[in-house]
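Notes follow the structure.
Chain nomenclature is as follows: A, B, C and D, assigned in order of appearance, with residue numbering initiated at 1 for each chain independently.
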Amino acid sequence: MAMVCISDFEAYAKKYLPKIAWDYFAAGADDCTTRDENVLAYKRIRFRPRMLRDVSVMDIKTKILGSEISFPVGIAPTGFHQLAWPDGEKSTARAARAMNICYIASTYSTCMLEEISAAAPGGLRWFQLYIHRNRAASQQLVQRAEALGFQGLVLTADLPYTGKRRDDIRNGFRLPPHMKVKNLERAFEGDDWSEYGLPPNSLDPSVTWNDIYWLQSLTRLPIIIKGILTREDAELAVRHGVQGIIVSNHGGRQLDEGPATIDALVEVVEAVRGRVEVYVDGGIRKGSDVLKALALGAKCVFIGRPALWGLAYKGEEGLQDVLRILQDEFRLSMALA
Amino acid sequence: MAMVCISDFEAYAKKYLPKIAWDYFAAGADDCTTRDENVLAYKRIRFRPRMLRDVSVMDIKTKILGSEISFPVGIAPTGFHQLAWPDGEKSTARAARAMNICYIASTYSTCMLEEISAAAPGGLRWFQLYIHRNRAASQQLVQRAEALGFQGLVLTADLPYTGKRRDDIRNGFRLPPHMKVKNLERAFEGDDWSEYGLPPNSLDPSVTWNDIYWLQSLTRLPIIIKGILTREDAELAVRHGVQGIIVSNHGGRQLDEGPATIDALVEVVEAVRGRVEVYVDGGIRKGSDVLKALALGAKCVFIGRPALWGLAYKGEEGLQDVLRILQDEFRLSMALA
Amino acid sequence: MAMVCISDFEAYAKKYLPKIAWDYFAAGADDCTTRDENVLAYKRIRFRPRMLRDVSVMDIKTKILGSEISFPVGIAPTGFHQLAWPDGEKSTARAARAMNICYIASTYSTCMLEEISAAAPGGLRWFQLYIHRNRAASQQLVQRAEALGFQGLVLTADLPYTGKRRDDIRNGFRLPPHMKVKNLERAFEGDDWSEYGLPPNSLDPSVTWNDIYWLQSLTRLPIIIKGILTREDAELAVRHGVQGIIVSNHGGRQLDEGPATIDALVEVVEAVRGRVEVYVDGGIRKGSDVLKALALGAKCVFIGRPALWGLAYKGEEGLQDVLRILQDEFRLSMALA
Amino acid sequence: MAMVCISDFEAYAKKYLPKIAWDYFAAGADDCTTRDENVLAYKRIRFRPRMLRDVSVMDIKTKILGSEISFPVGIAPTGFHQLAWPDGEKSTARAARAMNICYIASTYSTCMLEEISAAAPGGLRWFQLYIHRNRAASQQLVQRAEALGFQGLVLTADLPYTGKRRDDIRNGFRLPPHMKVKNLERAFEGDDWSEYGLPPNSLDPSVTWNDIYWLQSLTRLPIIIKGILTREDAELAVRHGVQGIIVSNHGGRQLDEGPATIDALVEVVEAVRGRVEVYVDGGIRKGSDVLKALALGAKCVFIGRPALWGLAYKGEEGLQDVLRILQDEFRLSMALA
């Protein structure tokens, strides 16, 4: 089977991943309306292509928070990469470095931050943080990430509680015994580690905007806030001193029937008025989707499920295939638009 | 089979109820357009979720007409609960009391009002009334309900004649011999009891707004009018001194191709301007639907078919399962939105 | 099989009519977009139902051009009723008289006008006219109709040439040998009678508005023009002295991708401003469709295919069944709206 | 099987062409959204038909750039006609001349320009040009075409690089060994002729508006620019002195998710204000589509895939069948609208 477009990797992953892993990655909240809208909303946007420009040389490099990347696509934070490929996040880190793009490693990684760093020294990486009730554990994570050379701290804002993903409930989703949320292995006590590899209710639902100040007191890393969908929250984010905003609905896994991210991007970009960088994730399936997001004001996009499908196909190499296809398609759609 | 969401109960009921009972509960008028629109209209409404609020403690209790309920969901009046579960409305009353919510018992109950009261003493209940040509029968019903401690009188306004439900006609729908419209057993004469358990044409199609005054003369119970879909009728209802309005199209069983209730709610709330409480029924399938209705001005929602599916699953216990799922989903969607 | 709604008759006809007859009745031009839009457009219209009116007595009688009919539905002109039922238009005439409604007999009838008249003396009937190149034949038809007591002359304006109905071409549609366009049997010479029972090109494509004056010179019957879809043509029709307008797109059999008739009705009614009566045909499938058309300004609607399905079911009796269902549904939807 | 409408030819071609050839002709870029939108956009446009005009005589002849054609449809440039029929472009040329319409021969023809000319002397033909890196080859092509009596030069503006057509990649599309891009056989060196019959990267992606001046210096033929989709580019085209504009998105084969051509036509016509002739291709499937395009300001339409389906059916004769059907449908829809 030739891998021609991102959907080919999706089909491969659906066919070859264990059902419980496929379902976990594919899951959306409730009716999965928002998950699917993320993709459909891109299809409703139309180009107005212009002709007869010299497109013999095109530069698709860009910078995010001052670091150069080879093209405006990065890896969004997603959990449990070992469910997709034995080497897990180490493969992800290697592929990202090989392609010279940014990889946002998740709190819910199945590899230690130290392993991730060692796997691809010198790669551009940010660290994604959930704030747990055990604040000391969160503080320690931030400081480990900074010490290991991660260059940004991504705070996820849309998960005070976990969304209701029906298939995970039906499957009784648990991590296989040999996988762990390794970075938090010693952070919690008790016997029940049933909620996505951690004890239930370990997340802190009392987090507010003021906790941005707390994070700023812990680290000199730039803070990027992930999960913003409205102009009001975008304004609050800027006022609290973040360096970047990722417009995201968590891949449609949290609140169902909110806006598609590409639609929300427009109002966030308008509210931010260039004061901080704005990124977007969710629903990217083609190089032309990247171009649309950039045309609507995003500085870079991040891919979640497509990266996992690439891993599921051939680990580091498969993820590079995915990224190269997006890169080629992005360059071609720039030339044609 | 895990019961994860309301659709699971629907699938169960469809599979295990006798076809004639399933068809009766599922029936919509004519092409069932409005029945289905009730559900689809919710899906067209989008949240604008806000982030980083402290949602560690949430209070979802509320009051309707002064009575506290555990969350803003009640049981809409529907007929013939024995078709779903042998104990019929007695089970419904028990489940509603256990969950501390309001149950509106129907004129078309298969249990006596006295049995319903005795099954769950102290529960919050309203009584739903159709006005029959035999006005004395209607008067007696109202006064029995008041004497038994029902705390509200719900007048259904949208059934001067019964809507055309094709499947009931095809099935030749009749109550099984051992079931009766018990509260009206001695109210009518004659041999033909073929129209939904009563003689044909027993309903009074000459009822007008002035009959509200007649009801007020019979009882001190607050009167809630059910079946309002326009701002004009909402204004008339307020002027005639009702205490509450249920925006309803009878689950799409009366006039087909009227508005979805969640759409009609907006204009009714606007017309009422807070002078009386406004509720809505029809199309609620998820906790987030409840949140949407409240955000659009409803004080409480009522569920019809989902309650019957719960009864069909496991009687009182199944209905509690349905209510608990809605409660959990409602709380979660509040936290995430 | 219980005949509960009009679709039941459609299903019956599709199952039991010869394919060539079913295809001929069902045919729409080109992609059948307009044929289907006629039906779909009704479904997009929403009622705003009002409650608590005294609907114990309802009068659904009305008048068209001064003649009383039992309810505002008539039989639109359609050809070749013998394809549906052996007695053909004689059955149609009997059913229409029995129901006390208006039947518009087509030029393309398979019974003589004299037979139609004799079958149901005293029934309210109009005669539908195509103008042929052989004007003498058309003149004779008009005068026969008037002499036989037809009370209106319906000029079809939308058929200078016959629309392209793919299935008729594929089927090589011809009338069976024992059927004839009887009213024109002696009007044309030559051997080739292949175009819907007449010689090709017998219709006169040079007809203009001035021919209304010619018709007025031939008869004292009121003239109703059928096939108007725009405000401009409605204005012209009024100025040329017609007594009525039937908004029609010939059941979607002529120009594909014009407007649905219920949509065109609105602009025609607005342009006419009550100066002449306006009717509509196309897409009526339920009693509530009739109510919608009346609410939008039609004085009466005419049904085409549903009448043929009734004939196909049981001739005169089947057509009465269809009309009675529409009448009951119309009365019920009035009561509920 | 009767060939009644254009879709019949499509079905035939799909059934009888080798899959690789069908896929090549059918291919659209990426998700084929724009390819399909070209057709769907026509279906969203509604006629406002007028009645009772004398349509006994209709003249459907017109002129493009001063040359008379029998009706406003021409053959758009498409490649590799030998994939559809052994005689390839020679058959196309003969059919176009027989119908007295304009045929735009593609650079990617599988017959020599000289063969095309010789096959149908005196026919109205334009030549379609891609500009290659080897400018001398392009210059020579233009001058050969002019010398052979081609009467217009069509510059394709939307192919600096070839669009991504997934099925061609999956099929490893190559021309069969006995077919060649004959007009460029000696223009390029090297061994790899894998990109649609030419060496990869032979097209010049540095072409700009100034190259219009270069073309004007090479030839006295009128220049028509193909691939314009915006008012801005239409204005530029007029300012650079072209004689005609073909609104086109290359059949949806280049940039996916741009506008449908019939939608883009409106803004181009408005911008051009009659200064040059405007044509459109893409999505024409019925005679009424031609009428819609003309009503929206096109002087003539060009058909791509339908011509290939005609060739695939019966070569020159099949293409004439397609054109005759479009002509009949166009005339009929004019009469009915």
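By definition in this document, a contact is a pair of C-beta atoms (placed from the backbone, for glycine too) under 8 Å apart; a residue touches a chain by one contact, two chains touch by 3 or more.
Just so we're on the same page, UniProt names per chain: A, B, C, D = (S)-2-hydroxy-acid oxidase.
Owing to the predicted nature of the structure, the values given are computational and were not obtained by experimental measurement.
Enquirer: Quick check on the contact network: minimum steps from chain A to chain C?
Expert: 2
Enquirer: To lay chain A over its twin chain D by CA atoms, how big a turn is needed, in degrees to the nearest 5?
Expert: 90
Enquirer: Over half of the interface residue numbers used by both chain B and chain C, so same, or under half, so different?
Expert: Shared-number fraction below one half, so different.
Enquirer: Which one of the chains is farthest from chain D, going by Cα centres?
Expert: B
Enquirer: So how far apart, in whole Å, are chain A and chain B when each is placed at the average of its C-alpha atoms?
Expert: Roughly 44 Å, centre to centre.
Enquirer: Round to the nearest whole Å and give the separation of the Cα centres of chain B and chain D.
Expert: Here the centre of chain D sits 62 Å away from the centre of chain B.
Enquirer: Send over the residues of chain A in touch with two or more other chains.
Expert: As it turns out, chain A has no residue touching two or more other chains.
Enquirer: Touching residues of chain C toward chain B in the complex: what are they?
Expert: Those in contact with chain B are residues 2, 4-5, 43, 45-56, 286, 288, 329, 332-333, 335-337.
Enquirer: Spell out the residues on chain A that touch chain B in their complex, using ranges where they run on.
Expert: 30-31, 33, 157-158, 160-161, 163-164, 166, 169-170, 204-209, 211, 227-230, 232-233, 236, 249, 254-259
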